[in-house]
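Take a look at the structures below.
Presented sequentially are two complexes of chain A, the first with chain B as partner and the second with chain C.
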Partner chain A sequence: MALNNKGIALILDVALGTVVIMAGVALSVFFISESGSHVADYQLARIGADILGMLDAQQGFDNLDHAAIEQKIAELLPAHLDMLVRIEGDFEEGDGIIEVGGNLPSTASIIPVRRVALTSDDVYLKITAYVWLR
Partner chain B sequence: MTKKGVFYTLTLSLLAIALVSLAFLSFTFSQSSQSQYIELSSAFSVYDMHTSISKVMSDAFSHKNTTFVRTTRESIVIQESLPVDFDALDAQLTSLKNKIERDFRNVNITIGEHALYFLPMNLSLSHIADNHFVLSLHPNVTGYNITLRYSGSVSSCSENSDAGSIHVELYVIAGGSNCTFNQNVGEFQLTVNGQQTTLEIDDDNLELQSNSSVKTSISVSVVPQSQYIDVEMPMTVSVREPVFGFEKNAFVQLMRRE
Partner chain C sequence: MFVMLFLLSFWNIVSTRLNSAAASGELELQAAQITDILVSSRGFPEAWENDSASVIIPGLMFNPHNLEQQKVDAFVALNYSVIKHAFNIERFDFRFDVRDANGNLLSGVGVYPSTDDEAIVFQRFALINNQTRQVLFTLWH
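Our next item is the complex of A and B:
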């Protein structure tokens, strides 16, 4: 059965409408999910800062003990997150740099959290934390 | 085209326009929330950095133990050994200032005089010299409990006072004769003979100067406050955020020992 002009117009109309609807939905979903990712970045940074603050308050950096810091992080960090803590200072271990935690993912952009701390032996530490979703 | 077709086309167009509007709104919301969260993150990073630097400076002050301070809602206890040796504390604070300013270019630290401020009354403890300090008086102060402890001997104490509303309880403890004093005063002067120590209390200040080594403990009683009394060092920590221009510039607050 041959299509008449009215049928072609209707098909084109439906096709165009579907494309516009799909594009609109796709754009909406994209922008809404984008705005959500900024919330997540901010929350991850807050979690990183909170964990560093708690570690510092509990003298978690005093002994610069890799295993003890790792255990503390595991206790404090929510299960769906991973974290890397880099500690720099004038100490002998690791020539003044200790890294504790997971491996930084190469794909995700991560907001670093920076703090300073002082051990009970008066060693100044510069601490950087990276938190990301597993 | 029939009316049905026109209606169909119009409905689809309206739906399309509604969706495009929704997408535009989402885009605007996304842009706005992105900018808000970037701003929030920047403000938080300034706050967090300032907090951590303040804690480092406060810890350095505590570790060097030149002045021990404990506060509650109704008292301030200050303990010092005169003459106070500020050298180690000054060296540590200067070293930390240099390291922090080297690591963070947006941070500026200004180290002030040897003093402490007690808030919210704005009472201050100022060191004029390493053996001489002044504690400013405030209407909320109701009395002092003072202990001066010497390792050597004290021959006698000479005091001169007039009646007033400030309660002074004083103990001079030494190898020789001890002195005690307990009454309400307006003005009060004490000389510890044999130890070259003078203590003066008047309408403005409590002032203590000693040319001999003495362990001092002063408990200042104040009208009960609605909040814990905070202690600040006159050391300014300034953290700037260049993109949005956020800046936190405040004195270092000592951690409370409750």
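Our next item is the complex of A and C:
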């Protein structure tokens, strides 16, 4: 009877050890795959920031011209990406909010990028670009 | 015995995948960091393009979101191994391209990967002489 108890204890010990090892491996796989996706997200964020930065550097936000901003986005954005630019500020058009670009998806992961700009008329703009994979 | 064999074979498969994922992660991170340095810094020393032999870290920025054509020209003229040493990527290979908005190659340096190589392309956008340019850095092994 004592031998049987030892056997059961050994089996439980092995089972517990197996579970612990499996959990450790699963956690390692999870964290490594997570770190990979952060770089992909960073790539999207940088592309969004670059496009906003270039538009700002070329005074693209000064006249709040939808068509010009949309054309620039279409010109620059890689085919596998889509983007929505939201411009908020103290201006009359659209009650101070203008949106240019695609429609926000309900399923894809969306990366937001923020920038503050000052127009030639001294109007502060809060600009948010949302970038996602098509 | 059965449990041990199962664990060993399982660990072998998982460790292979982990190593592969870690290598891909390192490749991605290095490509992202190098592209950031190139696009967002002037390099060290700042006027390294005037004396290419003095370069410690190459950087191409003129102003934020603007690159300097002279720095780009000096960078693509640098020796391949000098660039690899500067960015501490001797164990990898790379290709650097500057393209226009339509994707036409304007200048570049390095070696393109073959289809069998593991490669990561990091893409940025910047202005050169007020013209939109794509900056692509491909790191591979």
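Heads up, the rule we're going with is that the second predicted complex is superposed on the first by the 98 of 134 C-alpha atoms of A that agree within 3 Å, B and C clash if a C-alpha of one lies under 4 Å from a C-alpha of the other, contacts with A are read in each partner's own complex, and residues count from 1 in each chain.
Quick note on the criterion: contacts are C-beta pairs under 8 Å (C-beta built on N, C-alpha and C of every residue); 3 or more make two chains touch, one makes a residue touch a chain.
Please read these numbers as outputs of a predicted model, since none were measured by experiment.
Look at A:R115: by the touch rule set out above, it reaches chain B but stays clear of chain C. Looking at the shared chain after the overlay, A:G7 reaches neither chain B nor chain C. Of the two partner chains, both chain B and chain C are touched by A:I21. Once chain A of one complex is fitted onto chain A of the other, the partner contacts of A:D41 are limited to chain B, with no touch recorded for chain C. In the superposed model, more residues of chain A are touched by B than by the other of chain B and chain C.
In the overlay built on the shared chain, the residue A:M54 is in contact with chain C alone; chain B does not reach it. Once the two complexes are overlaid on the shared chain, A:G96 sits clear of chain B and of chain C alike. Judged by the document's definition of touching, chain A residues 14, 21, 25, 28, 32, 35, 39, 42, 46, 53, 56 lie at the interface with chain B and also at the interface with chain C. Those residues of chain A that touch chain C in the shared complex are 14, 18, 21, 25, 28-29, 32-33, 35-36, 39-40, 42-43, 46-47, 50-51, 53-54, 56-58, 75-76, 78. In the complex of the two chains, the chain C residues touching chain A come out as 3, 7, 10-11, 14, 17-18, 21-22, 24-25, 28-29, 32, 35-36, 39, 63-66, 101, 122-127, 130, 132. Of all the residues in chain B, the ones that touch chain A in their complex are 1, 5, 8-9, 12-13, 15-16, 19-20, 22-23, 26-27, 29-30, 33-34, 37-38, 40-41, 44-45, 48-49, 51-53, 55-56, 59-60, 63, 92, 95-96, 99-100, 103-104. Residues 6, 9-10, 13-14, 16-17, 20-21, 23-25, 27-28, 31-32, 34-35, 38-39, 41-42, 45-46, 49, 52-53, 56, 111, 113-118, 120, 122, 124, 126 of chain A are the ones that touch chain B when the two sit in their complex.
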